[in-house]
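Have a look at the structure below, then the notes.
Going in written order, the chains are labelled A, B and C, and every chain counts its residues from 1.
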Amino acid sequence: MDVQSLPLIDHHCHGLVREDLDRAGFEGRLTEGDGGGPLGGTLFDSHIGLAVRRWCAPVLGLPAHAPPDDYLERRADLGADEVNRRLLRAAGLEALCVDTGVSGPLLSPAELGEAANARAHEVVRLEQVAEQVAAAGGTAVGFADAFRARLDERARDAVGFKSIAAYRTGLALPGDRPDEAEVTAAAGRLLGSAGPPRVADETLHAFLVWCAAEYGRPIQFHVGYGDNDLRLDRADPLLLTDLLRALASTGAPVMLLHNYPFHREAGYLAQVFPNVFVDVSLAVHSVGRRAGAVICEALELVPFGKFLYASDAYLLPELYHLSAVLFRCALGGLLDDGVADGSWTADDAARIARLITTENARRVYRLPAPADS
Amino acid sequence: MDVQSLPLIDHHCHGLVREDLDRAGFEGRLTEGDGGGPLGGTLFDSHIGLAVRRWCAPVLGLPAHAPPDDYLERRADLGADEVNRRLLRAAGLEALCVDTGVSGPLLSPAELGEAANARAHEVVRLEQVAEQVAAAGGTAVGFADAFRARLDERARDAVGFKSIAAYRTGLALPGDRPDEAEVTAAAGRLLGSAGPPRVADETLHAFLVWCAAEYGRPIQFHVGYGDNDLRLDRADPLLLTDLLRALASTGAPVMLLHNYPFHREAGYLAQVFPNVFVDVSLAVHSVGRRAGAVICEALELVPFGKFLYASDAYLLPELYHLSAVLFRCALGGLLDDGVADGSWTADDAARIARLITTENARRVYRLPAPADS
Amino acid sequence: MDVQSLPLIDHHCHGLVREDLDRAGFEGRLTEGDGGGPLGGTLFDSHIGLAVRRWCAPVLGLPAHAPPDDYLERRADLGADEVNRRLLRAAGLEALCVDTGVSGPLLSPAELGEAANARAHEVVRLEQVAEQVAAAGGTAVGFADAFRARLDERARDAVGFKSIAAYRTGLALPGDRPDEAEVTAAAGRLLGSAGPPRVADETLHAFLVWCAAEYGRPIQFHVGYGDNDLRLDRADPLLLTDLLRALASTGAPVMLLHNYPFHREAGYLAQVFPNVFVDVSLAVHSVGRRAGAVICEALELVPFGKFLYASDAYLLPELYHLSAVLFRCALGGLLDDGVADGSWTADDAARIARLITTENARRVYRLPAPADS
């Protein structure tokens, strides 16, 4: 199964830094946490650090397994632009769906697309829109309409939406659609709080999601594994069960992102709810050579038409390449093993590979086929 | 280790449909959810769908991996009776313990036993009995006695009992036995509710279980993975801990069914509580070629005298055969691997295989040995 | 990768019994539960039981896989002292960090060290110190100072501290440091309760931990898998998130012990918090030949500088040896596989092996290097 030659659609990713990084700056962006430190040692001694040396060093013209300092020196010599370009190209992407909700001087979707030689699409972060509306002032009573109007503008060029409720309140969102009075009350709390507006309220997160659902486009949820500004136990996808059941009637697909270590739970949801789709982004590059194990677990229950590729790459272009290469190896290995032990035919394997690498994303996000470009 | 030649006792299974099924009808019964759908594609592109084509097609006289439409055409040509008979026979069962708690025009235990050429026993669903008692009228004060009287009748021919508290309230049942006043109050709520009586009350579920425990026969609990009428997070077996500890004194074995994705948690409970037994039914056929991985995880802590085979087959006879064939492959593979790497001897492997395939179920359910038949 | 020849530092272990054991006595100590029993069969038919026969029998001069009764007879012939000495030596330890918080006529750290031919260090159990202070009388107002004074004495010879909050209240401890009034109130409840004082109060557990953190030495938490006097769902390490975040500023390392089946969750915490370290003790010997699978999962996210070896051996010397041999096999297998598939170099593997077997423990517990002895 030559998965290595298949393009990928990366349905959830982020912008990259423009500047050169020293070793501390690089290690600090390699994961979303602060794992190393004086007592814990270097992050190069971890699955992801070793994977960078193995898979990214050759893309920068170094031998595989080049030492960390050599790698960083080479990175500095090439410069951030060239490093971004080389590693993004190496990922072999057909398209990217970029979450633009993190502010900062990062590469824009268009710049990412150009560097990757791929189409780039935007995914709008719902909480960012709501916070911009709140920051612009207005009344609690007018908030819902103001949000809808602003979302309508942002939705024009967007292929989907994203909720980061997991980071704010956790995923135990109500199953019932909040009514007008509840939204107004929640908006009043948001507008009345000191400092820049910050959505962290179950009612508001749910309201944003229901507004987005009217577009019938995918709504992404951060689920599971992320940085240390998270209570991981409140990011279990099962906490979303009631909302997922309620959203099924809207026809809007729900994309559960990341999911690790709750990827089997996410797989159950994808099996039992028609509107639920899953990926194991972020985990794939973070666990290095264990990507295959994680993907095999995730796919136990998920219909293969509901599993997507994503990197969740952020800041470092290495993460685009690592996710892509590790995902292809893992998926190819799984499909080949199944052919070898007689579980399915080579034709089945080829069809499933096409679904997971690109076709599912094209269908759910209504992306153009490459021949249309 | 020739596990393939060993009979199995299926200690948890259900009736089958009598009618022929078209493709939608078949796919809709292949899992307990609604996973496919317009955006998600066919369930034949999933582990269970591929496993049907591999393992069931030959039993119906088709080549392995026959296309879905060929499979369904052949199924229709043979007719439901013949398909049921062939696939049940192929499962190689010594006995079945059939949960009769789902109403509908399904094959009865006796019919299943005849089709499977195996002994069939009944497991009584506690909530069904309670709901029948409530539907017959009566007072809240008289409910407990009326339930006990009705259970006594139903218990005459039953080898065990089953609780579906997981589907109704979740498994966070009280550890203390409910007292008379609590049961009466709960019965009042049940009798006073509109519509057909539906037990969904921690006190009542616990009461039913304590009544069943007086028979000293196995009490099954639905745990973990099931259909979408479930909050999977409330079906974690650890929520039963206090009740399991309290039930230990009764001598009634407790059977934790399914458990996926909480099968390691269930294994812990089986290791630390003398009255707890586990299986990974439903998961085994649902995950297809990953059955071995799931069984290996489940068995990490469980004493091998406390692990049982079950299919949780329901409606489709394919599920009987798939579970059986996948379980045998997985168990055989695990035991062979252990012999190959020196973890245990071939004699150990043979003894463990006999325990898990039949002897544990015979001992716990007090079933006759096949020589007695 | 010759991990078999590397010494291990066992950073969490316990004393051993001094007396000879019959079969029931031995099986009863093989796990921390009551898993076998009349219906469940012998614990020799479980992963850990089979591992004893395979790995420990030869250390006692029997062939591998000797039958259980032969093994126990040989054990009785040699006597507990000799059995303890042989199995502890076979573990190949450089040092032990012994939790002395369980009272009873067990081998002391010094005796363990002598039997193992290794340095032995003490880890002080915080709740034991608090309960001793409470048992000595005094006032609620004076409790905090009395505890600090007593801890200061005990800390003189200790390399670290341990909290068993998981067994008492679960791990949902407050993130904010309890203030004086809260501690006094909690001390009042402790002193006012009937019977011997027993700390089981979130405020008190947190207070003890914050006192210990002032020493800057490792603070161990029981997490996950243990005996049946536990609600395993309340021993999920994610419940500690807020406290871990708050403790980061103190500089005291936090050691999450055991973690199974939440070892991936623990790995996430070690990746995102600079002060968090993890092991999979107790699980390693309990799961027998599955140790490699568990360790591979645990290491997916953990930086390799933050993963330690421990046995959690308790009462039976077999557990010291089993943990050591299974851990070395598993770690060696993982590292060799990574070399074989090109994930890292042999030099990388050797460096990681040294980190995990000894160097991490030496650095975090500030233990002397063996050359200093």
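Here is the rule we use: contacts are C-beta pairs under 8 Å (C-beta built on N, C-alpha and C of every residue); 3 or more make two chains touch, one makes a residue touch a chain.
In UniProt terms, the chains line up like this: A, B, C = Amidohydrolase-related domain-containing protein.
Everything quoted here is computed from the prediction, not taken from an experiment.
Engineer: Does the chain A and chain B pair touch with the same residues on each side or with different residues, judged by whether over half of the numbers are shared?
Structural biologist: The interface is built from different residue numbers on each side, given that under half of them are used by both copies.
Engineer: Working from the CA atoms, figure out how many degrees chain B turns to land on chain C, in steps of 5.
Structural biologist: Rotation angle, to the nearest 5: 120 degrees.
Engineer: Please report how many Å separate the Cα centroid of chain A from that of chain B, as a whole number.
Structural biologist: That pair's centroid distance is 37 Å.
Engineer: Which positions in chain C touch two or more other chains at once?
Structural biologist: Within chain C, no residue touches at least two other chains.
Engineer: Name, in rising order, each residue of chain A that touches chain B in their complex.
Structural biologist: Chain A residues touching chain B: 236, 238-239, 241-242, 245, 253, 264-265, 268, 270-275, 277, 296-297, 299-306, 338, 341-345, 348, 351-352, 355, 360, 363-364.
Engineer: For chain A, which residues count as touching chain C in their complex?
Structural biologist: Its residues touching chain C are 31-43, 45-47, 49-51, 53-54, 64-65, 225, 227-228, 231-233, 260-261, 283, 286-290, 293-294.
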